[in-house]
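Letters are used for the chains, namely A, B, C and D, taken in the order the chains are written, and counting of residues starts over at 1 for each.
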Amino acid sequence: MNKHASGDRRFWYAQQKGTLFAALLFVAMFALYVSNHPAGFTPNVVQTASNKATLLAFVAMAQCLVVITAGIDLSAGMVLVLCNCLASWLVVGTPLQTGTGIVVVLLAGLGCGMLNGLIIIFGRLQPIVATIATSAIFYGLALLLRPTPGGSVNEDLADAFTSKLFGIVPASLVVLLAVIVVIWVPFSRSAIGRAAYAVGSAENAAYMSAMPVKRAKFTAYALAGLLSAIGGLYLTFFSYTGEAAFASGNAYTLYSIAAVVLGGVSLAGGKGSAVGAVFGALAFRTIGDLLFVFDFDPLWQPLFQGVVLMLAISIGCIGIARVRNRLEWFQ
Amino acid sequence: MTLPEPLFRMEGISKRYGGAVALKDADIAIRPGAIHAVLGENGAGKSTLIKIMAGVVAPDEGRMLLDGKEIAFASPAAANAAGIVCVFQELSLIPDLSVADNIVISNPPLKFGMIDRRRQRRIAEEALARAGASDIHPSALVKDLPLSRRQMVEIAKALARKPRLMILDEATSALTQSDVEKVFTMLKRLRAEGMALIYISHRMHEIAQLADECTVFRNGRSIESYPAGTKTDQQVVELMIGREYSNVFPPKPAHRGEVMPVLSCRDLSWGDRLSGITFDIRPGEIIGVGGLDGQGQRELLLALFGVLRDVKGEVVIDGRPVTLKSPRDAKSGGISMALIPEDRKTEGLMLPMTVRENLSIAALDRVSRNGVIDRAAERREIDDLFKLLAIKAATIDMPVAALSGGNQQKVVIAKWLMNRPRIILLNDPTRGIDVGTKQEIYLLLRKLADAGAAIIFYSTDYDELIGCCDRVLVMYDGSIIRQLEGAEINEHELIGAALNIAGDHAAQRIAP
Amino acid sequence: EPKVVSGPAAEPGCMVPWAADTQFLQYPKKDGPYRIALANGYIANTWRIQMVQTAKAYAAQPDVAAKLKEFKVVSTGEDVPAQISAINNFIDAGYDAIVVNAQNPTAFGPVIKRAKEAGVVLVAFDNILDTKDAINVNVDQKGLGVLWADWLVKHLPNGGKVLEVRGVAGTSVDTDRHNGIHETLDASGKKFTVTEVVGKWDDGVAQKATADAIATNGPFDGITAQGGDTGVVQAMIDAKHPFVPFGGETENGFRKFCAAHAADGLKCSSAGTGPAQVAVAIKTAIAALEGQVVPQAVKLPTAIVSDPDFKEGEDYYPTQSDNFFVGNSFPTCGINFSAQEIMGQSKENQ
Amino acid sequence: MRQLRVPTRLRGVDPAVATAFGCIILLLLAGSIYSPNFLSPDYLLQQLKVASFLGVIATGMMAVILLGQIDLSVPWVVTTGAMMACAATAYGTTGSVLAIPFGIFCGAAIGLVNGLAVAYLRIPSMIITLATNAVAQGLMVVYTGGFSPQDSATPAMRFLATGYTIPGLPNGVLVWLCVGLAAVFMLTRTTFGRSLYAIGNRERAAYMSGINTRRITLLAFVISGGLSALGGVLLAGYASKASQSMGDAYLLPSIAAVVLGGTHVLGGKGSYLGTVAGVILITLLQSILSVMQIEEAGRQLIYGAVIIGMLLLYGRQKPA
């Protein structure tokens, strides 16, 4: 029994390695950032960083769910943009109207995700190109809603969601935590969630084992839509407005992939956790923050960011040098 | 004694894949409390039959009756619900999930809608114990387990579903003798409990040991069903292959004179998995590697083939020490080594690619000039190999995935033969291969050896080691513990050495 | 907490109020030297690079440098929250004034609040902010559309077929310019049929779109483009489309074409928002910090040159890159950079 | 009779590719309802010319996708290729002569970094190419800001993209034709092509078969980088200059074109003819939508819907 107990710890570590690495990376970079920030480790600085990072964290979680099934969602950023535009119409007015608005926005995101899922599962299309296509559709809808930037949001609510609780804890972090607890934890522990992992790891075997393959994929895509919608809602809280921004939609999609990889989620599917993806997102965002604390010529900043990103992802591959059986390269 | 009514019955089942007929008008009746063996050579349609039973594929024609009522399965889940559970030949485990996750996969225990990990753990431990594999840690990832352990997990997984009818499609093909014993004990217990069992295997002695009833398939038809023990092995084999059959193993040649070894290992070690491996092999020799599964036999082959890094010790080929850093080095020019890998699905074949492309992939240098493939030369080489190995494929431009398991295995062997290797490493090459084909492979190996190849042959099947090999190295815990030669190569010695039972021969230990 | 005062501004020639009802503000005077930050969004296009370079050059001018303790530039990319966070960070880090080229004019409400609370002067330029709580330095985007359309109306007395090459959809600049064009054409009372294509302010995209439009809907009697104009003219040349009157932006390449082909009918009006406006924004920020009176919304003169006034070496540079934006000086503000000087500076230094 | 032998069937055209070409015709017919000019030879040739840029880039993308990898560094490799080729002209005649090779070389160099990281360090391509894209962008920003860039295309580049060697056929198309023929030959007749497919299907098996998987992977990324840069050079020739954002419009379309042409995103399966069809489809669709007088929102909606529609028509994977 003792042997099993020590084995448990080893296996737990093996499975959580990616997440731990992302967390470590984030803590290291954030420490570097805060310790060089003129204002230091103050609630304001943390709040600013967390407001910016949670947005990406939501999209990264969305991406993570899909990536676990060995799919990919190149429309995640556009769902965010669409929900932002929608929220800038709906999340205003009386508390009741605002509440209804939020529900409608979340449902819209869920709907986008479900559309992706349906097309990919029942149309049997390759996710990468199907979501390129749906992202054009979502962007078109966003443009219909907001041909020019504008709209508004219930500002009290928005402030509440982007402020600090008790003057210290950023509300956005609390919401992020809540979303992890309410969406990710049940999902990952449910039979459907396990099926999602199984599908990502070996779809055929999952089917042969009588797992709900289609339902798992569908749930992953649908929840991804929902999470992106939460991101879109947050964008609205953060900016008080809606904008059909093509470039920023695409940027979020690509960043979410980077975040997911930094977070130890395998793009081949079947491995990783949304918690890792969240840390990946936080770490990725901190790369941008580092620009404040180091005095770089403005024109060298993009290069600096690229190089830091490259270093961050290269750290993860140090292990390859220790591989003694070359076949392990191919897992 | 009256036989119980059949639990499950299939009548007039046919299945075509495109033009290929996999099953034609097949019948079978399965009774509870009995083990029903299904026999047939590669491509006879056995796997197809049970895939239909398990709801994986739908039959084109025919009907299925469960408890006398007609039934059809839309999916594996439906078959599961009806109590039919299958251990597939092509494993159906999820590599990235843990053993426990896999065992409860189709029906995990829930608490508040979430998976109850503690109970899952208990179920898994129980099932593993029932399958006689409690050495497997329930939290280990399946992908980290060797093939034989995976097969045990697969069996435990089937058991955890509490089936009424359990099907094992070559479920023991990668198991070692001791595992097989455990599985058999378990199967007999299940039979006594009244479960219906279908058992598919190419190992005749296993069938003799287990089966109550047998059905023989040939070319997609159910040829005959009979109670076990009413036919001799000879008769059964002839039923299966539809022709006469004699003596499995080719005769071993008399000892040759001293030739220079083509390959020598001096004190080869790798981490804690291999230590102090020393042996020689001469052209024309077939050396068997035996022992319990997982004693470093696979690592030894991989180390020789240049796959492992930081291998200590010396490999000498033709008298010259060499350092091999990749399979490419190993197969190239002067060395000309080949490795028939253990898992054909992940290491041997590119399943979706055509037979042609798979066959020439290891010998591209041979059929190309300046990187351009000479299709005519390629075709010629392939024709030769098809003849040599009698590969059954409609055309060489069909995907290898559409071949039956045995024919896939032949393709794996053939692709390396195209390179005319001088040193051939075989990692359990007859896994899942029917008797007829096995015999062809034994003949082939001997033929290659006679033509001057040196063959190192790891097998989990003692009969093979005994029948085929000139010498057998028995491994235990990463070292060669015994070397058997001549008459010493018998089941008694092999098992004794494998279990490292100190005996009269302890002094003969080769490894330090 | 700036006081609303009555005008005029301290430098009335440079800081022209946007409209008659524009308020004048006076911020409490702070002692210099100041810490000023520039929060830029996207950087990887020529306009933005030129803008950043101009800002650096301006801040390095001796009289300006004397007033600055620190001038920091951060480019955050396309995403608005990152830019918002950047401004928040600058506020937290205690900068005195923040100059911003906003990715989205409507998105900065919360930051503006925060800047106000912290007493930080916020100056927006190019893409201005939708607010009265920050200083806006801007070119009249809609007015640009009006200028281009007027040019076409003038040259096409009988109306005709016009090709309009638009910018990036969903942005306010694109919409403003588009509206300016259409309102003017409609108001002219002549019959214009407008074919719209999207050029995304990019030469390559605009060139392709124009080529397609010419092949399917051409020929046109007049063209107007909000960016990527060099590509538009290139497409005309490739398609052997007759040269027609053109109202467009201020790229050097476009003006080169205009000067070269004016005689063949390429009658251009080139007007736009030069990257040098960043210097005006910095200047305004310093003025505000010094307690001078500044308009809440500053109207910049539009850099406009029309046929036949294109002067080599002044309005365009034949040997230089096509990608520069030529209108890079605001003489009334004492800002006299030439594009060439800005983009070539480090090379000269080396 | 243990051995069944059917003589090799004449390999018919892949039905998916045939359908894709059918879609092209359908698209043109649909366009011609809007304006008959869509069927004019001038317009069609112009589309081919424009398609050739995407075609060249998609060829590189296809090599990488066949491996089961992806190259997200396309946007800034295209730009780097174009800008560096133009930059070379600042160095006299040698510079002008070497402009095109130099541009391609720079792209291949970025491809080399991608390839080294993917093949030797085993970093997932989707992320490392994202990073090299960022680095390439950073380099180009530094370059533009600091070195008074020379960014006009040389006459040779102009000629390569828009000139005519064969009357009526733009040189750009000719370049694509050459690249395409080379690609077809490479994919079907060479050991490199075989290895590409083998690695895409199962890298482990390919490695165990003694294929130098690392070198092949490396090479594929170098090819992708080089071809992206060549695309950039052509684009610069077409626009007669290089500019910062010229590559942005090529990333997603090049992926879409390859996949629309029936190549499997996870690698190992796909034909070049399909990619040709995909490239033409995307180019035509973009062009037709661009001149239709509808709001941008409508264009995006139609673009997405048509792609999904076409995929549903022929791009469906086999059921599990």
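The criterion applied here is as follows: a residue touches a chain if its C-beta (ideal position, glycine included) is under 8 Å from a C-beta of that chain, and two chains touch if they have at least 3 such contacts.
The chain list, named the UniProt way, goes like this: A, D = Transmembrane component of ABC transporter; B = Ribose import ATP-binding protein RbsA 1.
As the structure is a computational prediction, the values presented were derived from the model and not from experiment.
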**Fill in**
By Cα centroid distance, the chain farthest from chain B is C
**Request:** Check A-B against A-C and say which one is joined by more contacting C-beta pairs.
**Result:** A-C
**Item:** Computed distance of Cα centres, chain D from chain B, in Å
**Value:** 43
**Message:** Distance between chain B and chain C based on Cα centroids, please, to the nearest Å.
**Reply:** 72
**Prompt:** What is the distance in Å between the mean C-alpha positions of chain A and chain C?
**Reply:** 35
**Prompt:** Residues of chain A that touch two or more other chains: which are they?
**Reply:** 142-143, 147, 204, 207, 299, 301-302, 326-327
**Message:** Can you pull out the residues of chain D that are in contact with at least two other chains?
**Reply:** 137, 141, 145-146, 204, 207-208, 296-297, 299
**Complete:** Residue numbers in chain C touching two or more further chains are 43-44, 49, 52-53, 169-170
**Fill in**
Pairwise touch list, complete, is A-B, A-C, A-D, B-D, C-D
**Request:** Under the touch definition given earlier, write down the residues of chain D that touch chain A in their complex.
**Result:** 72, 117, 121-124, 126-128, 130-139, 141-142, 145-146, 203-204, 207-208, 252, 255-256, 259-260, 264-265, 295-305, 307-308, 311-312, 315-320
**Asked** Can you list the chain D residues touching chain B in their complex?
**Response** 2-9, 11, 189-192, 194-195, 197-198, 201-202, 204-212, 268-269
**Fill in**
As the complex stands, chain A meets chain B at residues 4, 7-8, 11-12, 14-15, 186, 189-191, 194, 197-198, 200-202, 204-212, 269-271, 323-327, 331
**Asked** Taking the complex as given, what residues does chain A use to touch chain C?
**Response** 37-39, 42, 44-45, 48-49, 51-52, 55, 142-143, 146-151, 155, 158-159, 162, 235, 238-241, 243-248, 251-252, 288-289, 291-292, 295, 298-299, 301-302
**Request:** Report the residues of chain C in contact with chain A in the complex, numbered from low to high.
**Result:** 38, 40, 42-44, 49, 52-53, 56, 72-82, 84-86, 88-89, 92-94, 103-110, 168-172, 175
